[in-house]
Amino acid sequence: MLTFLGRRLLQLIPTLFFVSVIIFSLQQLLPGDPATIMAGEERDPAVIAQIRAQYRLDQPIPIQYVYWVRGVLTGDLGESMRIKQPVRSLILEKLPVTLQLGLMAIVIAVTIGISAGIVSAVKKGTVWDYAANVFALWGLSTPNFWLGIMLIFLFSVELGWLPASGYVPLTEDWRQSLASTIMPAFVLGNAIAAVLMRHTRSAMLQALGSDYVRTARAKGLFERAVVLKHAMRNALTPVITLGALELGTLLSGAVLTEQIFTIPGFGKLIVDAVFNRDYAVVQGVVLVTATIYIMLNLLADITYVLVNPRLRS
Amino acid sequence: MVDTTLAAPLPIDTDTAVESPARRALRRLVRRRGAMVGLAVIACFVLLAVLAPWVTPYDPIAQSWMTVRKAPSALHWFGTDEVGRDVLTRVVFGARASLMAGVISIAIALTIGVPLGLIAGYLGGFVDALISRLTDAMLACPFLILAIALAAFLGPSLGNAMIAIGITATPIFVRLTRGQVMAVKVEDYVEAARAVGNPRWRIALVHILPNILPALLVQATLSIAAAIIAEAALSFLGLGQQPPAPSWGSMLNSAQRFLVNAPWMAIWPGLAIFATVLSFNLLGDGLRDALDPRER
Amino acid sequence: MKIVKLALSALIIVAACTAAQAQSTLRIGLAEDPDVLDPTLARTYVGRIVFASICDKLFDIDEKLNIVPQLALGYETSPDGKQVTIKLRPDVKFQDGEKLDAEAAKFSLERHLNMTGSFRKPELAAVDHVEIVDPLTIRLVLKAPFSPLIAQLTDRAGMMVSPKAAKEASDKFGLKPVCAGPYKLVERVQQDRIVVEKFADYWDKDNVHIDRIIYLPITDATVRLANLQSGGLDLIERLAATDIPAVHGDAKLKLANPVGLAYLGITMNLANGEAANSPLGKDKRVRQAFEAAIDRDAINQVAFNGEFMPGNQWINPENPYYQKSLPVPKRDLAKAKALLKEAGVTLPLTVDYMVPRGTENQQVAELVQAMAGEAGFDVKVRVTEFATSLNESETGRYQAYQIAWSGRIDPDGNIYSFDKCKAPLNVSHICDKEVDAWLDQARLTDKLAERKAIYEKVARKALDEENIIYLYHQRILVAYAAKLTGYKQVPDGIVRVVGISLK
C-alpha cells in the first residue's frame, strides 16, 4: 500500500511539470502582445516598453519560465497585469465561490444522476429506462450557455423569482446566496448528472446480477428492500468518487456559465485573463486547478484500492 | 467533458459461438429503443446536411434587410435572423458544419490518440510513463481553456476549431486505448501470437486493435456528442465558424443579443444541437450495452 | 401569472424595505470589471465611471461638451500658448482630511508625469514642468503650445490624489485610493462589486443625496438589462441598441441617449507590409468605391434599429468641429462600380476584412460584406480576438480592419494619433507631410473657428484618401429606474453622481 502511494505521489511531479510547460507555452503561442493590450487605447510606445521591462516580457521564454517556476516554489504566483493584484490573493478570493458552486452542482448531479441510474437499472428495457436515460442525458446534450440564458429569461425576467446575476457569499446571507447560485449550479450539475447516471446504472446492473442479491431474493425479502440495501451499497462507492473527480469537468463548464450568470469564480477569472493575455493569472489558476484535480484523482485511486484489494497488483 | 467508463473488450471467439459476436451485438443494439431513435435522428440530420441545397427554400447567406428578425411565419417557418436570413435554411446548412466538426475532430483525436495509446500500453516502461504523464497533464487542464488557447493560436476558423477540439480530446483516447491494450495483452491469443514469432507491430495491429475497437467505438460516439457542444462553445466565443457560413454555435452567438426580441434565433439552433447531441449520446450508450459481454 | 408576479414583487419590496436602513443605495451595472483604481495607472473606459464618484478632477465637461470648473476655478493661457495658469478651488479636502493646495496639485500632476507605469504620460506629454505661483495657483509650463491640454485635464490626467496617501501606498494606491471626490472607496471584490460611501467633507456635499453606490460588473448586456428590469440594478451603462424598445415599453425605466464621442470605422491598409500591395491599398479609387458601396443608413437600421448616427468624419455631425461642407454620403452602387472599372480592377476583388469578435461588430461586418459584394468586392470576414487583432493591425496583416475608437472631447484626440506619420495608432501607415503640418498647426491655437478651418483641409484630404472610412457614431445608451431623479447624461458616457437622488 505504501509503495503504491509513494509511487503515485512521485508521479505527481512530472505530471505537474508537464502541466506547467503546457500552459506556459500555450500562452506564449497565443498571438497578441500583452504589453500592447495593457498599454491602453493610446498604445504609446514608451508605455509599452516600460510594461515589457516591468513584467520581463522582453526576456527569452525559457528565462521567463524559470522566473515563474521559482516564484511558484516560494508561493508567489505573480501579479495580474490588468488589476495589479497578486494572483495568490485573487485565487483565494475566488476559490470559495467556485467551490460553493461546484458542491451545489454535485449535489444536484448526484440527485438527478443516481435516481435516474437506479430507475434505469431496475426498470431495464422498459419505457422508464428510456425516460430516465433521456432525463439524465438532456443536461449533457444542451449547451450550458444556452440553457443558462434561457433560465435567466424564465426565472429572472419573466417570473422574477431569482436574481439574474451576481453572487452573495454564503456567510453573508445564506438565502440570497442560494438564490444566486441555484441556477448556475443547476446548469453545471445537469451536465455531469449523465455521467453519474451511467455509472450508477452500470454498477447497479452488475450488483443486481450478483450472487448475494439472488440469495436475498431467494430468502423472500421484499423486492425494494433487496434493491436498496444490497445493490446500492455496492454500487454507490465508485459513484461517489466519480462525483469528486467530475470537479475537473465542472471547471470547464463553469467557464461559460460563470460568464453568463456573472459569478466571480475561477471560470470567469480565467476566461477574462486569456482574452486579456494576463499570463500570470492564467498560469496560476490552471496550475492550482490542475493540482486539485490530480490530487482528487489520487484520492479516488486510493479509495478504489482500499475498497478492492485485488486491484493492488 | 467526456465520460471515461470502460467497456470490457470482446474477445474474438471463432469456433464455439453459434452466431458471431458482431451479429449478436447488432441484434442487441437493435433491441435498444433509445439507441435506434438516436440512430434515426442522426441519419435524418446527415441526410439533411447532404441534401441541404435541394431541401431548403432559401440561400443560407442571402441577406434581406427588409425582413430582419421576423417571427416564424408561413414564409419563414423558423423566422429570420439579424440580417434577414432564413433561420430554417441556416439550421439545415449549419448541420454540415456542426456534424463535420463533431466527426472530424474526433477522427483527429483517434488518429493521434490510438497509436499513442497502443505504444504506451504495449511497450510499457519509460515510454509508457512519459506518454501517461503527458496525458495526465493534458487531462488536468480545463478542456475549454486549452481549446480556446489552441483556437486563438491557430486562428479562428471552423477547421482550426476542429483541430483544437481534436487535440484536446486526444488524451481521452490515449488513456482508453492504453487501458484496453494492457487488459488485452495478457490474453492467451496474444501470448500465442507472440510465441509464434509475430513482430510487435503486427500483433498490435492484427491481434490487439480489433479487440479494442468496440470500446473505442463507444467512446468515439460519445465524444462526437461532446465535440459538437465544444464547437458550439468555441463559435459562441467567436473562435469557430467564420461569418457568413452558418454553424449552430455561431448562430447561437448572434442570437444572444436578441433573446427577448427574437427568441426563435436561439431556439432552433439550440434544439438542433440538443437533438443531435442527445442522439449521439443515446447511440453511444446503446452501443456500450450491446457490446457488453456481461449481457445475455 | 400576473397576480403571482405582483404578489411576489410585493413580498420582495416589503422585505427589502424592512431590511434596508435609512441608507439610500444606488446600484450601477457596468459592462466590464474596471482595472486598477489608481488614476495614474488606470487605462479602461469603465474605470472612469467609478472614478466619477471617487476622484474629482481639475475640470469637467457639461452636456454640451463645454469645459466647466471642478477642483479648479479657471485657467488662463499665456499669449505664446506655452504657459497655462490654473486657479484652484479653496477649502477642498481629500478623503483623508488633507488639504488640496498648490503643493498637492503639483504632486498629483508630477505623479502622472513621472511615475513608473503611468498611462498619463502620453496625455501630458506637452507639459515640461509644473510651478507653484501661490498656495492656490499652479502654472503648467509647456514644451510647445498644445490647445487640447485642458481637455486632458477633464479626465484622469486632471485627477488629484492625496500626497500623503499616495506617498505611503506608492503603486498600491489603487487598492485604497484617496482622492477628493464625493464618495470614498470602502470595498472592492474583483469581478464582483465596488462599494463606495458618501464623503462627509466633500466640497459640494449639499448636492450629494445618495449615501452609498455599488458598482456591479455584468458583462452580458441581456443579463444587465434583466437585472434592471427586475429591480436588482438602478442604472446600467451600454444598453444594447436593440433593447431600446424594451426600455421604452417599461414605465418604470427611463433612457438617456445622447450621441457619443466614439466612432466605428474601417481602417484601410495603405502601406503597412505585404498586404498593402493590393489595388485596395494602392489605389484610392478602389477605396472610394468600397465606401460608395456601403449603405450607412441600412446598417444603422438593421443593426441598431436606426438609433445610432451615420457619420463620415472623425467627429459626429452634431459636433461644432464637423465640416458641414462634407456631408454623409448616401449609398451609390453605380458610382462604386464605375470607380472600380476606372481603376481597371479584375473583379471579384478579395479583401481580407478583419473584425474583433463581438456580436454587434460581426453583424456590421456581415452587412458590409454583403453590400460591398454587390459592387464586386469579395469580402472575407475574419473574426479575430481583440488582442490578436491589435497585433495583426500593427504588423500589417490585414487589408481592412473594422475597429471603433472610444472618442475624445477634443477633435485632436480623434485624428492626430491616426493620421500623423508614424503615430502609434496609425496602422494604415498613411504619411502625408502636408496633413502632418496641418495637424500640428491645429494644436497651436485654441480658437474654434481657426482650428475648424485647418481641420477642413485635413478632412478633405482624409476623405479623399480614405485611410479610414468612418461609418457611424454610437449613442451613449444609459437606462435607469424612473425613481432616480436629476440624472443628466454627458456624451462621454460617464455616470456622474452629483445632483441625483432616489425617490
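The chains carry the letters A, B and C, assigned in the order they are written, with residues numbered from 1 in each.
Assume a residue touches a chain if its C-beta (ideal position, glycine included) is under 8 Å from a C-beta of that chain, and two chains touch if they have at least 3 such contacts.
Note that this is a predicted model, so its numbers are computed, not measured.
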B-C or A-B, whichever has more C-beta pairs in contact: A-B
Chain whose averaged C-alpha position falls nearest the assembly-wide average: A
Far-end chain from chain C, centres as C-alpha averages: B
Computed distance of Cα centres, chain C from chain A, in Å: 38
Distance from the mean Cα position of chain C to that of chain B, given in whole angstrom: 45
Computed distance of Cα centres, chain B from chain A, in Å: 21
Numbers and ranges of chain B residues touching at least 2 other chains: 152, 155, 256, 259-260
Shared interface positions of chain A, touching two or more other chains: 30-31, 149, 153, 157
Sites on chain C at which at least two other chains make contact: 220, 222, 385, 388
Chain A-touching residues of chain C, taken from the complex the two chains share: 4-5, 8-9, 12, 33, 35-36, 38, 41, 43-44, 116-119, 121-123, 171-172, 174-175, 189-193, 216-220, 222-224, 226-227, 229-230, 232, 385-388, 390-392, 394, 405-406, 417, 424-425
Residues of chain B defined as touching chain A within the complex: 1, 3, 5, 33-34, 129, 133-134, 136-146, 148-150, 152-153, 155, 225-226, 229, 232-233, 236, 249, 252, 256, 259-260, 263, 266, 270, 273-274, 277-278, 281-282, 285, 294
Contact set on chain C toward chain B in their complex: 220-222, 225, 240, 242-243, 245-246, 298, 301-303, 357-360, 362-363, 365-367, 369-370, 381-385, 388
Interface residues, chain A side, partner chain B - complex: 11, 14-19, 22-23, 26-27, 29-31, 129-130, 133-134, 137-138, 140-143, 145-146, 149-150, 153, 157, 194-195, 198-199, 202, 205-206, 209, 248-249, 251-253, 255-256, 270-271, 274, 282, 286, 289-291, 293-294, 297
Contacting residues of chain A [partner chain C, same complex]: 30-34, 36-47, 50-51, 54, 82-85, 90, 93-94, 149, 152-153, 156-157, 159-161, 163-167, 259-262, 264, 268-269, 272, 275-277
